[in-house]
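Right, one structure below, let's go through it.
Chains here go by letter, A, B, C and D, matching the order in which they are written, and residues are numbered from 1 within each.
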Amino acid sequence: MFDNTEQQTFNFRTDLASERRDIYQKANNLENEIDGIESTKEEIDENIKVERVKITNENGEKAIGKPIGSYITIDIKKLKIAQEDEIQKASETLSNELKKVIDSHIDKQGEILVVGLGNIYVTPDSLGPKVINEIEVTRHIINYLPQYIEEGTRMVSAISPGVLGTTGIETVEILKGIVDNINPKLVIVIDALASRSIERISSTVQLSDTGIVPGAGVGNTRSEISEKTLGIPVVAIGIPTVVETAVLVNDSLDLFITKLQEDAKSNDYLNQLKEQDNYNEIKEALLPGDFNLIVTPKEIDDLIENMSEVVSKGINMSM
Amino acid sequence: MFDNTEQQTFNFRTDLASERRDIYQKANNLENEIDGIESTKEEIDENIKVERVKITNENGEKAIGKPIGSYITIDIKKLKIAQEDEIQKASETLSNELKKVIDSHIDKQGEILVVGLGNIYVTPDSLGPKVINEIEVTRHIINYLPQYIEEGTRMVSAISPGVLGTTGIETVEILKGIVDNINPKLVIVIDALASRSIERISSTVQLSDTGIVPGAGVGNTRSEISEKTLGIPVVAIGIPTVVETAVLVNDSLDLFITKLQEDAKSNDYLNQLKEQDNYNEIKEALLPGDFNLIVTPKEIDDLIENMSEVVSKGINMSM
Amino acid sequence: MFDNTEQQTFNFRTDLASERRDIYQKANNLENEIDGIESTKEEIDENIKVERVKITNENGEKAIGKPIGSYITIDIKKLKIAQEDEIQKASETLSNELKKVIDSHIDKQGEILVVGLGNIYVTPDSLGPKVINEIEVTRHIINYLPQYIEEGTRMVSAISPGVLGTTGIETVEILKGIVDNINPKLVIVIDALASRSIERISSTVQLSDTGIVPGAGVGNTRSEISEKTLGIPVVAIGIPTVVETAVLVNDSLDLFITKLQEDAKSNDYLNQLKEQDNYNEIKEALLPGDFNLIVTPKEIDDLIENMSEVVSKGINMSM
Amino acid sequence: MFDNTEQQTFNFRTDLASERRDIYQKANNLENEIDGIESTKEEIDENIKVERVKITNENGEKAIGKPIGSYITIDIKKLKIAQEDEIQKASETLSNELKKVIDSHIDKQGEILVVGLGNIYVTPDSLGPKVINEIEVTRHIINYLPQYIEEGTRMVSAISPGVLGTTGIETVEILKGIVDNINPKLVIVIDALASRSIERISSTVQLSDTGIVPGAGVGNTRSEISEKTLGIPVVAIGIPTVVETAVLVNDSLDLFITKLQEDAKSNDYLNQLKEQDNYNEIKEALLPGDFNLIVTPKEIDDLIENMSEVVSKGINMSM
């Protein structure tokens, strides 16, 4: 399910906590970290980078318009041609981050329900269901065949609830019913996202412990999937797999003007166009012709296959 | 999910109400209908036959070991090569029977939840999930966009909950949670079954209003999906798509001995073998070598495609 | 296989004969049809339009840089949500045009080989192989079971040869071998194309009798599939399913500037930008960051399904 | 494509050279190896066994009704639940055997064409096309980008030509055309087979250098794919994935009678039934009811996935 969790208090054209912090700092000429926001960066290898942002108080919340919690971005370059060892490395990176987030909320044996949002029949939206198929569930073994499993193993279950368009039921209603009935201690939600930048498509994993709003990005007001609605912590793993044409054009326009500037072919008006965010104007220009297509890279089948391996292995290793 | 709902009070080698009635009548030399059992047969066309059995009292229940309720068997010949018009005819037949069963339990606007059991990644078990993808759900439209739908339209939702092996959760636990949360008035469950006879594979639709026990056939004691566990009527649509080798061999042995008899090559011992049910002995002979495979016709992809069209159209037309 | 057959004599940013003619006429201030080019337009219904361009002599060839032959463009709006009757209408339109093209080259019984280019595992490139699976082949029936088929039926065979990246063999080498061995009289080639305009993605069928060059659009110099290489007429059915980001941006930039003009926010420099083709500059601006992605609409699965039904039915009805 | 290459000179109910030799030896009370037949057995580990049979002269040919050549059977137990290391082990075993067979026919740089027979849309027949998708082809790299590949690398190409029912063309006609056009030195053909024994289904790889006859098993007389028809050596890799019900019943009947004998419930007539091959009689008994189904294990999706990994890795490592 393609979604965006952004709440646009300041005019952020991104839902990544790290990017919002950068914009806020620049706009306010801050040199130091904002009060209420802590962050670290780490370069795992030449293709994998991690950035962790923690919002610790209300001031941080207000500054970048996101609730108190952890926000981790893992960048993976060249995923579509990744080989086995690179996928393994990315999985381990995700696993390490995920483990820390889980451990900050529940104990080692706390039961976890893994939820894969999305539609198996729509390739760029099939990540969630594909990951679910690879999760090593233990709940039924512990319940029915405890002799076959090490004592102290964490109970893990997994579900792919489908999308509103084919079920007719809000995802949160389905999950609320299941959570109330089987009582896990934490939920992990995996979802395909709409990217807010040309750079992020199918190369970024976004991890946070503040939940998710399915379909919010396309103008719907769906009930969020979060501790508020489910009553237990919700860790979200989001992967941008699609992007609006207006986003592509807005980002590309900047690159194009930069090129014109380099060639000394730009002018004041263009320089100013580059400084401002033209997303809304571009979108308005595209809409009448039905041209604001939501698109995905043509290699989406391979990307989804590799990314679902990264995510499922990452989750399995963390538990 | 492959299941069998049979409770073997009498030694019935079938879970079809109609076949059990025949066996009971023959074993007891009855010429007339059993008290507590009513039935009718109808030939829709040369390829489609319907048999309806109604168990109306405790005597009927005891006689054939099945609870009070409606049991309808629709036979569809040559499904794997069926053309569009034959599939349409079969859908209409299913729709007519289903409508009567639904109407006997809820009113015209009573909300229905359609549940597709099974595993999308296991071809002979993928019928349920595939049907769900084609159900015309209305619940979200009625809730969010009532202006786009005729007033008085029945609320329909649909879910494919996955199988215990990949979710770790009993299907009935998932459904109980959802039913309690969204409150439909009736559930329709679609499931792939293990056939009890060589004749039934992928050519029969079994309809009943007494629920279903997923996985029962393979020796598990799963909680049943029925009015008892969900609190609302459960209409089951079961389609045999797999069969144990022991069932194939038992049925074929009878045919083989019949042939030997015709050729005057049989003898008393063989004649007696034919009279008795050798399923258990054959199974015991096959088990040591791991030869009691569960098998499915090699054309299973086409069969599932055609059958899921029959079932999804049949359900959509009935609502 | 994504390809482009354009030879950029004049700076045409399209490979559609009809669009090239428009550009040529405008650039040369011609009011009448160019000598050597004939064309007609037809509106089949509100969603389907047909434009037929015939290049009849060398002057026409030179004017728009395409060889003598027939070029037909069928536009189908709203294909991704098309219902059965709209798909049927589109198929019939394709069938009518195709029949005329075939009849202009071979007689009613002339054997035809249908070739589906592309890769079944890459969704936006899977159209060719999917169409092949639905072609009603007759060659083997006529050869082995002539009693089951009406006398005078045309021999039809079909093949999906794979792509260079997975076979290691040029498609034309594979086809040359088969054509020489089974001797059809005409080849129909189906291929997914890279679109040259934001308007054409997944809504256009391009029909021509002058062959095709697989992979040409991505800078490769593959041997063309045409009468020159195969020795028999080659009818190409091309469907744009992907588009370069630079094409999207170039087209969108025009729309964006038009909007700025309407809002009286444009200026001379921008007006001039709009007049010229900025494709190459945009591409150069995008390349360093690896941002000139080739993308496809997120609904590509449904588009391919509907389009392959249109094309396979269209071909089957024409033969 | 399901096929059987057996030529029933003696009444062999198997097409495995090793089993035929056993039957011949038993029938003729031979204690030593037959003149013209050499064989070795090797146990790779507890799950994998290899048996190599070489027919070296006409006497060997006549004895077991198979042409001079190498026949290797690799048995892999528990393939459907095989883990990564077991699949690796099986691949290596296949690779070692295949390398020896290839080396006995062509030199280290001799070009090879790998051919995957079968239908991607029919799960039990999809092995060939799936393997082809994983073959590491080099032919186009050596031709177009020799700088990216080690000098002396063998040219490898691969094709999945489809099945007669969807192409209308005999597979050998397609291959003949391609072989004549690209001139490889050896062909490797992968095909799904009909098993002649309950023990072999989806657990055996059969390797031989004497070619293959697609579809022969179902009563068709297709042109064989062999050195005789293609002019170059043909190594066949066959994997039984389906089985006739009559074969299952025939094998099971023996096991059933053995069980009756153990329970002292058998008699002379049954003992005699067990001694003889009842396949034809059983088939005749099943045919009138259309019950001689061709079936496949219900886990066929997993089996095909694991087996295609074994075969593709085995081939890639051998080249």
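Please note the rule applied: a residue touches a chain if its C-beta (ideal position, glycine included) is under 8 Å from a C-beta of that chain, and two chains touch if they have at least 3 such contacts.
Just so we're clear, the structure is a prediction, and the values are computed from it rather than from any experiment.
Peer 1: Between chain A and chain B, what distance separates the C-alpha centroids? Give it in angstrom.
Peer 2: From the centre of chain A to the centre of chain B is 42 Å.
Peer 1: On a C-alpha centroid basis, what's the spacing between chain A and chain D, in Å?
Peer 2: Computed from C-alpha means, the inter-chain centre distance equals 47 Å.
Peer 1: Using Cα averages as centroids, what's the distance between chain B and chain D in whole Å?
Peer 2: The mean C-alpha positions of chain B and chain D differ by 37 Å.
Peer 1: Would you please write down the residue numbers of chain D that are in contact with two or more other chains?
Peer 2: In chain D, residues 121 touch at least two other chains, as defined above.
Peer 1: If you connect every pair of chains that touch, what shape comes out? Choose line, ring, star, complete or other.
Peer 2: ring
Peer 1: Identify every two-chain combination in which the chains touch.
Peer 2: Those chain pairs which touch are A-B, A-C, B-D, C-D.
Peer 1: Quick one: which bits of chain A touch chain B in the complex? Just the residue numbers, please.
Peer 2: Per the stated touch rule, the residues are 120-121, 132-133, 135, 137-141, 155-162, 164-170, 173-174, 176-182.
Peer 1: Would you mind writing out the residues of chain A in touch with chain C in their complex?
Peer 2: Touching chain C: residues 2, 121-125, 198-199, 201, 242-243, 245-246, 248-249, 251-253, 255-256, 258-260, 267, 269-270, 278, 281-282, 284-286, 289, 291, 293-302 of chain A.
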